[in-house]
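In what comes next, subunit A is part of two complexes: it sits with subunit B in the first one and with subunit C in the second one.
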Partner chain A sequence: MSERFQITRAAELASLSVFRQFISDCCAKFRVPDGTVFELKLAVDEACTNIIEHGYKGMDPGSIILSFRIESDRILVQITDFGHVFEPAEAPKPDIEAALEDRPLGGMGLFLIYKTMDNIDYQTSEDGNILTFTKYIKRETNP
Partner chain B sequence: MFKRLRVSPEPKKIGPDPGEISISQLIGDAGLPVTLKALNSLPQNPKLRLYRTLIPIQVLAEFDINPRTWKNPDKLQQVKLEAESGSDKVKITAWHGDDPKNEFFYLELADNPYNGIDLNFLIANNPASRKYRTDFDDEGRETLFGTVRRNLVEEEKAMQAGLAPGQVREGLRCSSIVFNHIETFLTMMAHHAFFLEPLTYVSAWIFEKRGFAYSKGHQLMDTIHKEFQPGGELHKALDGSTPFRQPDQWRTVRGRAWAIHDGILQVLDRKWDDLRMIKQVGRHAGVVTFPDAEY
Partner chain C sequence: MEIHDRQADGVTILSLRGSIDAMTAPKITEFIQGQVSRGNIKLVADFSGVDYTSSAGLRVLLGAIKETRAQGGDLRLTGVQPDVLKVLNLSGFTNILKMFDTADAAVASYS
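Right after this comes the complex of A and B.
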């Protein structure tokens, strides 16, 4: 089993709710557990916010292509944009031990994605920046 | 949000940028993107063999042009390839009859600074259709598709005849097949995408249908659609003040395009500028900024 769905919208904050709904709708089709849906929506939200606020900074925003592929035991979400390149590996790790008042605003997005997704791949080339998350599906089994 | 991410101001070059290429290099690593400049350094015949794939045989067949020799039944040359050594561009021109100025097809590709390929021009006109002199003003100066000067009388006639801004004749309606050929060619050269700047709103709409996404300007296209709806600023500006701003024009792609060509975006303090689109080889982006559009 492998099915793929795709949606493309402008890189603007107003598109975030459309992307979240897209993930919800795709997951509902395949009865993905609620916890997994929440984590996927969170990861997509954080990644797309980053693209909107940083990737397309200083230019008339282009597109974000969000694709969703479901296989028997996992979901692959791919986010493509054509803005500035960023390097997830170079992003500073947030200090989650620090007191709340000492932490800078933001900086948690990548941390959350790494924390909730099972695999992350980021590729940049002449044809855009492609961020792919993999999330394994843990179905609840009946006793 | 990733507030502290390091953001590179420009995309990084990801491939080598060879000045020229030999046949052995060309067959050596099929995964290495090859620039047009490198291809142009090849001898004429291999260059011709490669670039010949860019012009669809169906288009040539329409005009009885042999796709191998690029000649018509009278043995007259009908297609010209410009791909000089040292240049980073390739231009292919096809014409009908014995006058090369009577061109019906013009394609220009160029290397861009990031080892990608830009489609600079694609013009495909039906030479049998009436020509509107929108490309020259009434003093005989070039209008450059109406971008630097305008021939209002001819533009109005062209609009009434169903043409889009920038067109001098009816189109050949072959963009889909031309893009397929460009993608095949680029795949052969190990490229993953190509880029272009849509000259008009009509062009952008057609390129959306052909699978392009925006690397710049998606938000502008959304704004244009929103503001052309009843109650929107562009809708209000269709006030009949010029032949290109008639009240019903918001309903069609062409109508909107002529109004934008006429400068209507000024009411939003915007202009039709700096849009950039990308076509990923083998992928349809599914962008629709004017849902259920009527052409």
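Right after this comes the complex of A and C.
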């Protein structure tokens, strides 16, 4: 059994808080632990920021479709856009041990997605670019 | 995002309230650059009202720390909330910035 929710918004920075609120609202319906809610909001924010700032670069800004599906032990979040193809696995990895002066100002967003999500899948087709995050729900068991 | 500033013992305390993302981050950068251009390079950012940050907040902090330290100052944090601390920890930022439990302690660290 699973339930699914979806919203579509313009690919603009003002939509970021709407996407985060959508994740919070969906998670609240199913009493998802706070730490998991935060990680999902962060991963969605980072992915949508990349789409807004890079995916639609040089194009008319399009839309982002965000869907949330919850199953017994996991949450699947799907982000669909219609901009340039971006292969997450090919992005450079930041050095988080680097000294201050050696750290570039950007490049942390994707790293945070990989640190917080359990699985990341990216598919492109004529129906758009579809990024799917899987996050397992670790519920605290009552004594 | 709301930002207020006040002075204490030659240190500028910036109190931030709201969420930091790619939408709100430029306002904070602009505010900090305004302080630095007026010669206020000893900064304390009070994050007790910041409930969320994405990597956009990391970019703001890194830029501000680099800029102030290059001029002999710094940006130090206080009041960091658990979710924000998680982002700082994940990204290794806790190694490069100084954090304090209270704004008073952060101000005192400059003397």
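General remarks:
Here is the rule we go by: the second predicted complex is superposed on the first by the 143 of 143 C-alpha atoms of A that agree within 3 Å, B and C clash if a C-alpha of one lies under 4 Å from a C-alpha of the other, contacts with A are read in each partner's own complex, and residues count from 1 in each chain.
Everything below uses one rule, namely that a contact is a pair of C-beta atoms (placed from the backbone, for glycine too) under 8 Å apart; a residue touches a chain by one contact, two chains touch by 3 or more.
Given the structure is predicted, the values throughout are model-derived calculations rather than measurements.
After superposition onto subunit A, the partners subunit B and subunit C occupy separate space and fit alongside each other. Of the two partner chains placed by superposition, A:Thr134 touches none, neither subunit B nor subunit C.
When both complexes are overlaid on chain A, the residue A:Phe38 reaches subunit C alone and has no touch with subunit B. Once the two complexes are overlaid on the shared chain, A:Val85 sits against subunit B while remaining clear of subunit C. Counting residues of subunit A touched by each partner, subunit B versus subunit C, the larger count belongs to B. By the document's definition of touching, of the two partners only subunit C reaches A:Ser17; subunit B does not. Of the two partner chains, subunit C is the only one that A:Leu112 touches; subunit B does not reach it. Look at A:Ser63: by the touch rule set out above, it reaches subunit B but stays clear of subunit C. In the superposed model, A:Glu46 lies in contact with both subunit B and subunit C. Superposition on chain A leaves subunit B and subunit C with their closest Cα atoms 6 Å from each other. Taken together, the two complexes place residues 46, 49, 53, 105-106, 108-109 of subunit A in contact with subunit B and also with subunit C. Subunit C meets subunit A in the complex at residues 19, 21-23, 52, 54-56, 58-59, 62-63, 65-66, 69, 83, 86-87, 90-92, 95-96. Residue ranges of subunit A in contact with subunit B, taken from their complex: 6-12, 46, 49-50, 53-55, 57, 59-63, 65, 80, 82-87, 90-92, 104-110, 124-128. Taken in their complex, subunit B has these residues touching subunit A: 1-12, 14-15, 33, 114-116, 191-193, 213-222, 274-276, 278, 280-281, 285-287. Subunit A makes touch with subunit C in their complex at residues 13-14, 16-17, 20, 35, 38, 41-42, 45-46, 49, 52-53, 94, 96-101, 103, 105-106, 108-109, 111-112, 115-116.
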